[in-house]
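Quick heads-up: structures coming right below.
Below are two complexes that have chain A in common, paired first with chain B and then with chain C.
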Partner chain A sequence: MGELTAQSPMDGMMPTRIGGVALREVDLGALTLVMPYRGADDALSGALEAGHGLRWPDAGRMTGTTERGVMWFGRTQALLIGVEPGEGLSVHAALVDQSDAWAAVEIEGDRAAEALARLTPVDLRTGVFGVGHTARTEVAHMAASLTRTGEATFLLMVFRAFSRTLVHELGTALEGVAVRAAR
Partner chain B sequence: MRLPCPICGERDRREFYYAGHAVALERPGEGAGAKAWDDYVHNRENPCGETRDLWFHESGCGAWLVVTRDTASHAVLSAVLAEEAAR
Partner chain C sequence: MRLDGDGLIDRSRPLAFTFDGRQHLGFEGDTLASALMGAGVKVVARSFKYHRPRGVFTAGSEEPNALVTLGHGAGQEPNARATMVELYEGLQAFGQNAWPSVEFDLMAVNDLGAPFLGAGFYYKTFMWPRAFWEKVYEPVIRRAAGLGTLSRKTGPERWERAFAHCDVLVIGAGPSGLMAAMTAAEAGADVILAEEDTRAGGRLNAEVEEVDGQAGHAWAEAMRVRLAAMGNVRVMTRTAVVGGYDQGTYAALERLATEADRALKGCFWRIVAKRSVLAAGAIERPVAFANNDRPGVMMAGALRAYVNRWRVCPGRRVAVFANSDAGHRTARDLKAAGVHVSALIDARADAVCDLDVPFYAGGQVCGTVGRKGVEAVRFRQGDRIEAVQADVLAMSGGWNPSVHLSCHMGGRPVWDEGLAAFLPREGAVPGMRYAGAAMGAFSTRGCLESGAAAGRAVVEDLGLQAVEAPVPGAEDGTYEITPFWHVPGKGRSWLDFQNDVTVKDVTLAAQENFTSVEHMKRYTTQGMAPDQGKNSNVAALAVLADATGRGIAETGTTTFRPPYVPVPIAAMGAGAKGKGFAPERFTTSHAASVARNAPMIEAGLWYRPSYFPKAGETQWRQSCDREVRMVRDHVGICDVSTLGKIDVQGPDAAAFLDFLYTGMMSTLKVGRVRYGLMLRVDGHVMDDGTCARLGDRHFLVSTTTAAAGQVMRHMEFAHQVLRPDLDVRFASVTEQWAQFAVAGPKSRTLLEEVVGQALGNEDWPFMACGDVRTGGIGARLFRISFSGELAYEIAVPSRYGAALFDLLVEKAEAREGGPYGMEALNVMRIEKGFITHAEIHGRTTAFDIGMQGMMSDRKDFIGKAMAARPGLMDEDRAQLVGLKPVGAVKELIAGAHLFAPGAEAVSETDEGYITSVAFSPMLGHVIGLGFLARGRARIGEHVRMVEHLKGSATLCEVVAPGGFDPEGGRMRG
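And now, the complex of A and B:
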């Protein structure tokens, strides 16, 4: 068999900067959806802490970092990021490897929230959606995960198959916001 | 319209799928007659005023909710997880 080269979901499609907002495709590494069995929440949380030094997040929150952390991902679900799950977790939770299933982009800039507000119904004001807050929502009608990782930085994830649509939609929103600001 | 998801907080109506009156949670018991099943499957009230509906937080957390709202004033009064309402 020939040498196979892994291709990132956006593979150079995403511009690096639009109207003062920086865009960066992020390789999150190993992604595992963790779904605790009924009544096993505390045991799973303990195993996560013992095995990986990570805490199970509250609803709508993230623990650790996007390089190594746990992101709330829905009712009784969280996404383990950047860590291969240890043996101890599978006793308490169903685990699904989703490493290649998501496209992730970091969006950074003063107008990032303004552009995202054109695409998602989530209230992105800092008083409501602060650093470390995360939401499952829709972004331009796509199922998405959106996390505020810094004052003016967001991590946006959509299914890998929607990479090109996301590039298009984000571009349109960012260009629109930039044009309006320049007037 | 915004619905107060017990898990996610107040969220836009776009994120939800509407699934009709919450009567769907009251499944007829064993031996219930055809009338009870007819009502359960097919017959729905169309109230002017307070009503309880099932909503699915489809684009959000994925929870099923029972939302109490007023069809006359459009006020959304409360929302609880369907798994708790059905207990």
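And now, the complex of A and C:
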């Protein structure tokens, strides 16, 4: 029996560029939801440092990078990105593979925040939501994770099955922003 | 007519537009109202009820008269206020509520019936016969009365919705708002300055008074430029803040300037602000006197705006009537602009005048003369009644602060005797301060000062340091007003121009004992039109106060509710049409299913294939029956990824699941699956599904598609609130795994090929689960069945879902099998008597569905105590049964009710209902599932199904649910 072919969530729908804002799919590699057991926060944090050189993030923050990092992902949860979790972690935390569960899109451009303001209630002012800040939120009625990865760059994640809707909603928002920019 | 001079229009850029098909010319900077005025158009609309001719009355968003329809066809926009419509090249406007035109309206015969059309006319007149209410009276009334109409077609225009956040929201960019915004911005606060006009300045754009030694509008523009250049300020012109809500949330409607080829109309904003400053200004109020609605009668402040800002005047000879210095100011500006002032009538007996105009202190206008416009003005001074020729009458009854937004959270405004006006109540909206005319500061200097003070106050609230800055110099006159509401006398005196409500209507309401202001409003419809009584509320309640012998403060106001100005539903619902209506959730096999022409059915947000039509199949039953036989005889593939999957781990995982399920899960062996039932806290069934034990401390819970979110929420509640003592963690893995059912007698050989290992009963028995490999990928295999056949479910990481589906279907087709959809899945589960949410619909208990035996008595679980309440395990309850037709009629209908064969089919004799129905190709007849009183004890009895909507009735035999392969031999095969 032959190999099964993998398909990315945004297969054929990205990259694209609308009104000066670039949208591209990001392959985050291995994604593991890490949920420390009771009282194991410190031990887990130590194991993360020792095993992977990564710090456990505070609520609403991300440590490391989107290539290799830890993203707060909700109450007592964080997403280990780009790293296969070492054996040492499972003693302290429940580990759940989510590598295929999320569609991840990078949104980059001066008007990226303006477009996102059409989709999510998160306060995206740089003074409030700076680089490395992350939120679990609603984006156009979809459960989402939104992270500021640069001054004008965001990482947006929704359930894989919502990929097409995300493309549609981002397109609509960006077109609206582009119309105003053209004035 | 257009006046000489600069104004704030650009005469080098003429703009052509039409009104009712007639071509006119205006200039950039004009509104439709000012352009019509410049073109000499006087009648721009017909009134709501009496079809009286009406002209432009104000210069702002409060305009009650000049409502027009913009454009025509699908995108036509009714009820646009001409005073707020920016003129653009090619604009087409039409009069409305008139036939054939506003200039000559045959429906004006209504005006002759005016003596009969007073307050409560409809209530008193159209009482009988009752059958006429909806069939005759309502359509006739609706045709005769009203405003513009929608095209009833899908419009091409588009709106947006967006969120904005700031430290300080300043509402209104007049002198007060500009000062508040600057003060807050200079202290470092993030500021949003919202202004409904196209430019900042507010009244400064309409007046000639200077600020800081320069023209007021120039100072305002300079302030706007300074603010816009600051990184922490967002100036939003064309943006009306329309509502105040909890926790500093404000709604605002932004309209973009119209440009050719642009479908985007604007944006509905939700602005979240830590603090706000209400600097919305004030609205000038009319005085009621006979025929005060004639075209040419308008507000004095509005006339100054037209003369000073747009350099237009609706006539050549103007009479001015006021009860404050507004009259003096108006006459002064008119004279300066070269317009003849035929009379300045001041209601204050002690008023003096230094202008060279005919001046009448203590005078009261008692009527206007003319047909489609004012020709003369009659007024009383002492005992004498005089008339002056005038084609314009500018009036002012004082100013009403725009307190609306301060009242949106339930606060009531406070009456101020000195200003004869309602002022916003302190603290009515948390975090909101007031400034300028909105709080009764009516001089320019007063506005600037109070704006700066409000800015400082919010800055201090936020813990910032205000920068001391001098307040610019400006006019600081006093506001001396003698309250004056209406001039008694014969003839109709309008209060609410938009809804055609007169002084007489309000006094009649009082006479008929509608003395509460809220009752008066509803009886007369005063304040109900699109302007929401902005022009009329205070005067109407003053008249009511008079008529009932109470004071104004005691009478009080009606409730101010959002929105402050009309908001198109299209703006509030922006984006929510077509693909934007709801997110679409697609399985990994979606494209393959669509390629096979499978019609999709929605399951929550998911899309699932109903059936896979083959060539020659013309209706769904053919495909469905074929797919059922295909699965039962060969093998079928079905995407079941939509079912909820929850990964549960931890030292106390087993204990937690024991607490969630009615049955025992801690005794489940690793590598085995068990069917389980979850109850709500109230003891009724919430969901059913399987629970697989993947490891000693590792389980996988499956839920139905419909209840996946509900079960997840339930589990969070159970863990966080009910059993925080348990050390357990769980997460949804629904999206991580693509899962496919492989069902039918040939499923085993098919899957043995796919996973490359033996799957016989000894290797992989019924209800076994575990890891396998396929195509080099780690996968999970479960031996579970929802079809009653030998069946498995195989799951792979989602990225391989599409590939695996194609592979499984290919292998199935090689075995006379293929994909099957929801219809076949449903038929097979009804044949087996398996439940879905059609049966566990929220009102049924484990007892009702025959699963009372699954409620373990060896442990506690959610819903256990409540399920044991008296009545919930009662033998008389409706219990799950199967049904098959036995009489001449072979039809069963889901939702139909069940009755004893001889009983009358009424609710008193109702014995149950049908929940699921299908034609069973295997049994050869229609089968149903339903709930029947004492059902389990009545197997073999007959009941009658009656469906009242269609009027059908079927005699049925009560059978045990699951008539196909009742022993389950095929499933365990």
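To be clear about the criterion, the second predicted complex is superposed on the first by the 181 of 183 C-alpha atoms of A that agree within 3 Å, B and C clash if a C-alpha of one lies under 4 Å from a C-alpha of the other, contacts with A are read in each partner's own complex, and residues count from 1 in each chain.
Going forward, contacts are C-beta pairs under 8 Å (C-beta built on N, C-alpha and C of every residue); 3 or more make two chains touch, one makes a residue touch a chain.
In this text, all values refer to a predicted model and were calculated from it rather than measured experimentally.
In the superposition on chain A, contact of A:24 is made with neither chain B nor chain C.
Of the two partner chains, chain B is the only one that A:59 touches; chain C does not reach it. In the superposition on chain A, A:68 makes contact with neither chain B nor chain C.
Touched residues of chain A were counted for both chain B and chain C, and C has more of them. Shared-chain residue A:135: touches chain B; no touch with chain C. Residue contacts after overlaying the shared chain place A:98 against chain C, while chain B stays out of touching range.
Applying the stated touch rule to the two superposed structures, the overlap between the chain B and chain C interfaces on chain A comprises residues 77, 121-123.
Looking at the complex, you find that chain A touches chain C at residues 1-8, 33, 35, 37-38, 76-77, 93-102, 117-118, 120-125, 127-128, 140-142, 159-165, 168-169, 172-173, 176, 179-180, 183. Residue ranges on chain C touching chain A, taken from their complex, read 158, 160-165, 190, 256-257, 259, 262, 264, 267, 270, 272, 575, 579-580, 582-588, 606, 647, 649-651, 727, 729-731, 733-737, 753-754, 756, 774-777, 796-804, 807. Across the interface of their complex, chain A is touched by residues 7-12, 14-15, 57, 59-63 of chain B.
Of all the residues in chain A, the ones that touch chain B in their complex are 59-60, 74-75, 77, 121-123, 135-138, 143.
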